[in-house]
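Both complexes shown next keep chain A, but they swap its partner, so chain B is in the first and chain C is in the second.
Now for the complex of A and B:
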């Protein structure tokens, strides 16, 4: 069944793309994203678009202002009408959705799938990912969309990592009992298949969240400024000056979570904070990347949760929950979610990770 | 109290690339609004920038011409602010790491040579153009210009007078045109200049309050603005009034500078490196390639023209003022081998035609090779000077072969003695009065007869030959 749906962060010429925001309600892009072209070239039918949380930064799609998008990908995959959902992994939402709803999600290595034609939020990390019922389906779709694209300078040539996963480092990060049980089950399955698991201190990787929130919000604050009511998108009906055109349009068009991200991001770039917060975050990013390099010298993959719980409530916040998804976002390393847990591998090890996911994935009836 | 003025200049120059700096859109001037745009340069969702290496090469050239150190990495930072002509609400510029720095430009003024230090040269993208329709009460935006590559050349405050500023700008323009970095046309906006000016008592160490003046559309407007602003500062200092550090708009019609309304209450630009544009390595090999592609500079050419070709200092200087003139000169020289003739033709006849057509020297597209051939025809006595000028004028309309054209138009000088003899006899027959006058002793009558013959022959006659034959015929009984 060669049909897919696209989340609304992926632009299409023939269907509107709102990116979950009132700012872009009804917006029709004049061009298709590269991944859309590649899917069509390979004979896939685009069955439609799925609403997303506003600009993809929320927990699981709960902050959509143009439709209802909480767990939208999971709901559609449950109906067995599409092979998979193509998503943009901005702040880990596709991975959390997969973890909580028994799906498989692949977030590829940054730079292996073209970002051209996706709504940019964190340009140094946004990655087109795949949600599906099985690792095999993820693999098929990944192979289709992970091909070179001359547009833009942040693409990398793939050199697939050979072999299979034999040694896994398991990061000790706190979760609730339900997720802890998933982690244990996953470890059990891997051990039964001859994979050695070692418990490892998270160390500096635990600081990934603070570092990531800084960089995510800083880049977001600049990338979202183009939504100003001047050229396209929502323009307020009530303004008398240019400044009001900007403030009213953006106040009306953007939601609370996005506004707080913009303010936070503007602040970390402001005046002396640039050095104290933003540049520091860049240095921490490199340190965390180093920590992974050190781990991958000994291990083939790193196991960690994708979320702290299996069911979110009003009090959960995406900038707290992204503790688990931030490491892969920050470093651009590939991550796969299956059986409610997450595995991170070295760059270009998607096939190897998907092989483990096959062991862990929840069997569908 | 006597005051001195301290001036620094920020010159923005549009690079002569065919495409914009981050996308493949055309940079051609004069297109209909919003016809040279794409998702990248209009800030639409989904566009990703792609750095135009040609723009980097030209920026390196500008840096080398101004004796700067060239950076080893070329990256871009986002400068964040809101304005309708800025489609992404950030401008990509080089705040943290300019492509070139610590250079200088030597200028010549009446008081001698002066070295003006160049603080830095950085690349950035241009914004769109806002057009205000007062009558309709709307503002319109044209994004054709958004994304055109610019370099900003920032001088240290080493200039001290309108004369020095004019010398600096003219010299900069000549160099950049010579190396084909930019066509530097202020009237088309491909060269813009903001002036930073302060005034202090003569001999004082500390700098006075600085104001920035924008919106001058020509070098003469810049000079007028400097005169006005210096006087304004001096008057304020003299009267003990406070001067505000501010940006002011030059109003050319009224001849005054006006404080600009707060565009934005000076919001922080929050510069940070653009993650979409991977910094480009500027390695030694590339720098060497660019260095080798720099043309012979005007002063080197001038020296060579004087020393090796025997041109006068004045003529060599005039030629070397314009890159296009030099190119035409050297091409013509290669054909006719006569430097003085080529220089004369270019500096008198060609420049005259340009002036009549209201063109500047750098717009010259005349084929130097053809000019050389034309000069050869004149030197060989095959075409008279007057007719050669007609051929030259025709060459401005389009390429042509001077010899073929001369033949077609009947400009080739005849040595057909039979034909000339016929014409002479006919003229003498028709002008018996003049003939009689001449024979009677009136020397001037000869010129009239000579002129009449030339006219009949349509100028296509060797003057010497005609003179001899006419005299001979007259002498006959």
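Now for the complex of A and C:
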């Protein structure tokens, strides 16, 4: 079965791409994203588009302007009509969906899949990833889309890491009992297959959420300033001046979570906050990346949860819940979710991570 | 397996239940500053939204306090996670898209131009 669906953050010439926002409702791109071209060249059929949370920053797709779009990718994969879903991992939503719905999700190393034709939100971290029912399907789709692209301005040459995962560091991060049970089951499975698990302190990695939220909001506020109602996108009917056109179009077109993030991001970049908040977060980012480098000198992968619970309520917030997905987003490292848990590996270790995912995908809810 | 050591306490899921509610009261974001940000970003918040946004700010700033515990002395900012070199192409005209393709999503056209309100009297 060579059919895939695309999340709505990936542009297509023949289907609208709204990125979950009223701002882009009905927008049809003049070009296909590189991943779309690669999939079609390899004989895949694009079966359709899936709604996402507005600009991909929410928990599991619940803030899409069209309504009930939470877990859209999981719902379609349950029907067994497509091989996988190609998603843009902005704030970890695809990984959370996979963890909670018993799927496999691969967020590749930043720069291995072209971002040409994806809606830019946090340009230093946005990564095109894959959701599927199995690690094998993830691997097939990843191999199809992870190829060089001259139009991708942040591409890296891939140097796959060889060998197999033998030692895993398990980060101690708090979760509820159900997720803790999944972590234990995953550790048991890995131990039974000869993988050594060592518990390690989270240390500075636990600050990844605060660091990531600062940088996500800052980059998002800059990227979303392009939506002004002039050349494309929603234009308000209530304006008399250019200023009012901008303000009313953006106010009507953008949702509350996105507006909050834009305003906070703008504040982070303004005046004295630029050094106090933004530059500080960039420095902490380097410290966290270094912490991972130190871990990977001794271990082949890092194990941590992808979410704090198996079912969210309306009081859960994406900017709190991304504690678990922020480390990989912030550092650009590859992450795979399988069996309800997440493994982060060194750059270009996707194949190695997917091999472990093959063991874990048998651990289902 | 070894012992579990965690010297940075991560709040369990139960504490996040009152995410918006708790921090609404603790917001340090004053209304004047928020209005200035709204103007700069061409966003007009409804009165009903302002409280939620202020709570968002309060929570984000509270989280930012965690970063003060990280030793960043002598650490350079990390803007890119990998070395970035802007790829160059040949200096030649590439007419990738026609005017019609680029303007097909235009909210309002005036002939071949995008229509905007008058800005010069």
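Annotations
FYI, the second predicted complex is superposed on the first by the 358 of 365 C-alpha atoms of A that agree within 3 Å, B and C clash if a C-alpha of one lies under 4 Å from a C-alpha of the other, contacts with A are read in each partner's own complex, and residues count from 1 in each chain.
What we mean here is this: a residue touches a chain if its C-beta (ideal position, glycine included) is under 8 Å from a C-beta of that chain, and two chains touch if they have at least 3 such contacts.
Note that the structure is predicted; figures quoted are calculated from it, not measured.
Within the superposed three-chain model, A:218 lies in touch with chain B and out of touch with chain C [touch as defined at top].
In the superposition on chain A, contact of A:289 is made with chain C only, not with chain B.
More residues of chain A lie in contact with C than with the other chain of the pair chain B and chain C. When the shared chain is aligned, no partner comes close enough to touch A:57: not chain B, not chain C. Contacts of A:33 after superposition on the shared chain: chain B is touched, whereas chain C is not. Using the contact criterion defined above for the overlaid structures, shared-chain residue A:271 touches chain B, although it does not reach chain C.
In the superposed pair of complexes, A:316 makes contact with chain C only, with no contact to chain B. In the superposed model, A:231 lies in contact with both chain B and chain C. Contacts of A:172 after superposition: chain C is touched, whereas chain B is not reached.
Legend: residue contacts after superposition of the two complexes on their common chain; A:210 is shown touching chain C, with no touch to chain B.
Within chain A, the residues touching chain B in one complex and chain C in the other are 27, 30-31, 124, 153-154, 221, 225, 228, 230-232, 242, 246, 266, 270. Of all the residues in chain A, the ones that touch chain C in their complex are 26-28, 30-31, 110-111, 124-125, 150, 153-156, 170, 172-176, 187, 197-204, 206-207, 209-211, 213-214, 217, 221, 225, 228-235, 239-248, 250-251, 254, 256, 259-264, 266-267, 270, 277, 279-287, 289, 308-309, 313, 315-317, 319-321, 323, 330-332, 347. Only residues 39, 42-51, 78, 80, 82, 84, 87-90, 141, 268, 270-272, 274-278 of chain B touch chain A when the two sit together in their complex. Only residues 1-8, 10-13, 16-20, 33-34, 37-38, 40-45, 49, 52-53, 56-57, 59-60, 63-67, 69-72, 75-82, 84, 86-87, 89, 96-97, 101-108, 114, 116-117, 119 of chain C touch chain A when the two sit together in their complex.
Against chain B, in their complex, chain A makes its touches with residues 11, 17, 19, 24, 27, 29-31, 33, 115-120, 122-124, 151-154, 218-219, 221-222, 225-226, 228, 230-232, 242, 246, 266, 269-271, 274, 278.
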